[in-house]
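The structures come next, written out as structure tokens.
Two complexes are shown next, each including chain A; its partner changes from chain B in the first to chain C in the second.
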Partner chain A sequence: MASNQSHRMRRRGLKIAHFIGLFLAMSVICIPGLWIVLNSFRPTVEIMAKPPVWIPNDLNLDHYRAMFGAVGEGGVPVLTYFRNSLIISVTSTVIAILIGMAGGYAFARYRFKGKAAIFIALMVTRAVPGVALSLPLFIIYARVGLIDTHIGMIVTYVAMNVPFTIWLIDGFFRQVPRELAEAAEIDGCTRWQAFWRVEFPVARSGIASAGIFAFLTSWNEYALASQLTRSVTSKTMPVGLLDFTSEFTLNWGGMCALAVLMIIPALVLTFLVQKHLIAGLTFGGVKG
Partner chain B sequence: MKLGKFPPWLALLMPAIVLLAAVVLVPLVLSFYSSFTSYKLTKPDTLYNWIGTFNYQKAAGDIYFWTAFGRTVLLLTVALNLEMVLGLGLALMVSKVTRGQRLLRTMMMFPMMFSPILVGFQFKFIFNDNVGLVNNTLQSLGLTTTAIPWLVDAHLAMFSIISAEIWTSTSVFAILILAGLYAMPQDPLEAAKVDGCTPLQSFRFVTLPFLMPFIYIAMAIRSLDVARAYDIVQIMTNGGPARRTELLWTLIGRTGYVDAKMGYANAMGYISILLAIFFTVYFFRKLTAARAELGMAL
Partner chain C sequence: MAQVHLRNLIKAYGALQVVHAINLDIADGEFVVLVGPSGCGKSTTLRMIAGLEDISGGEIAIGERVVNDLPPRDRNISMVFQNYALYPHMTVRENLGFSLKIAKRPQADIDVAVNKAADILSLTPLMDRRPAALSGGQRQRVAMGRAIVRHPEVFLFDEPLSNLDAKLRTQMRVEIKKLHQRLGSTIVYVTHDQVEAMTLADRIVIMRDGHIEQVGTPIEVFDNPVNTFVATFIGSPPMNLLEGRVDQGAVVLTDGSRLPIPPRYTAAQGAAVTYGIRADNIMPVGHALPAGDHIATVDMAVTLSEPLGTETLLFAELAGTEVQAKMLNPRPVRGRETMTFQIALDKCHLFDAATGSALRRA
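The block that comes next holds the complex of A and B.
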């Protein structure tokens, strides 16, 4: 009896500890983001208030108005940055997916000598730190006139995204049974037709999530963009974020507003792909 | 489709190989060459001024370089291990939840969407000594009356940076380990229970070995991207104050662009590249090994 009761007590204790632990972890995960969102609606006076104002009593859209009107402090051309980011990210994603599909298909469907070595060699190119790569790229781009252009950034981001895209797409093609394509070939399709009619439709959603992942990488990249873009003609939003800082002051509210603008597309897209992303990574990794 | 005399796999890989050779390999060769010259951005002619291994010798004798190097390795070791442990804990907690798991999973992915530069800014704000969330909370709770200089004191600044780094990347581990927990067959666990294993034992000897490949996938993915920490540090402290949080990457950036000493920066850059490549190859090998082991077990 007694042992039974202590057992039950312990189980309840564990349950409570589990709940508290989970609650704390989720708070730590969510609060920083929510705080940014909250501050983007608060006037600067309230953000800077000492003692702090905990319960916001004046929420407004001033920072957003200043941001889009480009009339606020410093007049940061946010819309131009947004357009640059969009052009660069979308174009580089489309190209990276095409190249990644070819590469991923090669790894998933063909056996060849040195496959593992080639795979790692491709991956290693992704590991080169952005800053270290930006130095020689800066020198080359300056010579050929690609500094501060959309093309320069697009080429850079395609190269940055291709290794990881290949990894993901390889994983998705592996999930498509080889027999499917073989059956189509027996029925008289060429390999090219078999790919587009059978394998591509099955792996399509997976490829789409690889695309979203590539998009997010370009959308969020800073180390290379901060050196290879110079002016409003090609600056992307992560670089534009720094426009809100000056030598001694920081426009926290304005920065928060731009942050929210940057997060919204990322948020929506990540929710769309979360399931596929995990599947792609684990299949590519475990069942290789 | 005619693919010429190439084998088809090579033709398919060609675009990727050509592109990566042009955008990554050629620049790396150039930076390797220029690390042997006294190249300065402001004087283009110096690109042809061969000075041998002078830059490397200079780096080898540069105390700032070695401090930054040590600090980078320390940061990566501490951050990656903590992320792994926290991610494991988080995944285990979420997997035990019976209701609302989907929502928790979605929340767990929240930090992954944030651009590292945004994370840097966000934590710079949170740890701000005057208006930051942390100090405001501590002061309102009456725990302290002074403004703690989170980003100014050397140890506290490193702590703040590591917190930011862990906040963004723990979810990568958590998500992948959770995927591993879902994929895990239940029979061995039940067998262990029948054989009288304590929960701790069955975790140590059954669950953990099964999760190892997933942990290595997460490590491999992270190792591709470790230099993302640069963005965070760049905006939080920019290596300062007075180089107290200087990492290899911030040092390289400053030497190359602010001081315009490209040759020297490239020499240091090369050392950081080798470090990154070492990490990546190491984890990919671990991954292959773990995969082989699992393949036999299944």
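The block that comes next holds the complex of A and C.
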């Protein structure tokens, strides 16, 4: 009996330690985000206070009100930036996924000359830091008139995302047994039908997760966007954050408020497709 | 009418030829089993019939039509894959009805056909499950159901039972045979398991390294193997093979002992031969050896015995070669006990030692 009890005690102790460990880890991950949310709701004095004020004593929506207010009184064209971000991210994601599906499928299913070399080349492009390309890109875009356009940003993000989506989607198609498409062909499908009615739905979760990664990359990208966009015609939300800096001051509260607005769509999207995301990441489950 | 004809059928991957100009005529309604060791080209042959693999040479005809260049969907065949290849995102009902849906048949027809197939294969209680929620045997049934709903002219099976446990395999084997009797369609069935081949086939096609070694009914290939490969591949335990040399109507084994040449075989004096004896035809004296006029007697020391219930398998040594013999009416055997065995010569075989081919029979 006694040993039984001590065993139970030890198990409970382990459980508590586990919980505390998880709490600490999650704190490290979440506190910067929570700090931003908190700061967006409180006066600048409190944000700047030293030592930091952890428990807010005055929460209000002043920063949001100011942000949506008139330009010149701390206002920022939030809706325009939001629209730019949305157009650029969604379009570039859709294109990157279509190319990624075609490329990933080809890599997963077909043998062709130079396959390994092409694949490695695609991966190597990921090793080049995006900023390093900003100057050459700027010069080329300036020549062809793509500076400060949606198209310019879309092309940039497609190029950035395609190697990744190909790699990810290749992995997912590899896990779909070949025999599924063959069975579909025997059941009367054309090659094309077999893809859309069987292979695509089976790999859909994986493709959805590739889509989210591509979307978030475009949505959050700052370095290139800050170089290639100039005005409200194409500035995205991350670039818009810079509107809160002026020569001598930084409007931290406003910046945090815009950052919160930026995070919300990403969070909503992630929640909407999280079922797919998890299924995509634990893909083995659909085999059978 | 759905005969299948393979005429000089060749498959090559680059310079590597894996199917060598094989010829085979399969009659309408016949159950033909392609059997052979792993890697001998059975699946490749089947997949060429299905249209999943390009044909490098020769011709395939289904019914009267040459189908070489037809895609799988135009060949009116269905196939059961080794890993079943069920559509994981569809329920059992949708899996079964998929081919009819693709063919744009009215939903009412689809329901009738699907329910009938489900009834035949006892799938009715599982209709709304996904494949992931089925056991191996149930998945196997769904795969067969998917094959039968369309009433194809030819069924192709690629090792459909090899992922099942032994008991289920025996059970499904019986079901497949019943299904064939019920549907009467042509079946081409691939397996590496000779027991499956023997029990299911109207005719067995034994393949090795991309060649057909022998075609015949199970009894034919068992009783008259054309070479040592077929002799050892078909039948369990494998036929015992003893090397020797012909000397005046007998075969002299390596240790100098003599066995008479099996009746009806002719062999040239001095020829190097392989003597084949199945375990069923070499038994201790008094153990109901198959009837026959010609009996030889040898003494062998038994090194090991494997009781199987109704019979016991004896491992003994003859002329330096391990020989398996059978004992009906089993009794306990002491270690290294020497026993007198009888050999039913009428059932023995003689092969050319160099080529392995069976010698001519009178």
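Note that in this section the second predicted complex is superposed on the first by the 233 of 288 C-alpha atoms of A that agree within 3 Å, B and C clash if a C-alpha of one lies under 4 Å from a C-alpha of the other, contacts with A are read in each partner's own complex, and residues count from 1 in each chain.
Keep this in mind: a contact is a pair of C-beta atoms (placed from the backbone, for glycine too) under 8 Å apart; a residue touches a chain by one contact, two chains touch by 3 or more.
Everything numeric here is computed off the predicted structure, so don't read it as measured data.
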Broader residue contact with chain A after superposition on the shared chain, chain B or chain C
B
Using the superposition on chain A described above, determine whether A:Glu179 touches chain B (first), chain C (second), both, or neither.
second
Applying the touch criterion given at the start, work out whether A:Leu79 contacts chain B, chain C, both or neither, answering first, second, both or neither.
neither
Would you check which partner chain A:Val202 touches, where first means chain B only, second means chain C only, and both and neither mean what they say?
second
Look at A:Thr190 in the shared chain and tell me whether it touches chain B only, chain C only, both, or neither; answer first, second, both or neither.
both
Intersection of the chain A residues that touch chain B with those that touch chain C:
190-191, 285-286, 288
Under the stated contact criterion, what part of chain B meets chain A in this complex?
1, 7-10, 12-13, 15-17, 19-20, 22-28, 30-31, 34, 89-90, 93-94, 96-97, 104-118, 121-123, 125-126, 130-131, 133, 136, 139-140, 167, 171, 175-176, 178-180, 183, 213-214, 216-217, 220-221, 223-228, 230-231, 234-235, 249-250, 252-253, 256-257, 262, 265-266, 269-270, 272-273, 276-277, 279-281, 284, 287-288, 291, 294
Residue ranges of chain C touching chain A (in the complex, touch as defined):
50-52, 71-73, 77-79, 81, 83, 85-89, 98-99, 102-103, 130-132, 134, 139, 146, 150
In the complex, chain A residues that touch chain B:
18, 21-22, 25-26, 28-33, 35-36, 39, 47-52, 54, 98-100, 102-103, 105-106, 110, 112, 116, 118, 120, 122-140, 155-156, 158-159, 162-164, 166, 190-192, 216, 219-223, 226-227, 238, 241-242, 252, 255-256, 259, 262-263, 266-267, 270-271, 274, 278-279, 281-282, 285-286, 288
Touching chain C in the complex: which residues of chain A?
177, 179-180, 182-191, 193, 197-198, 201-202, 204, 285-288
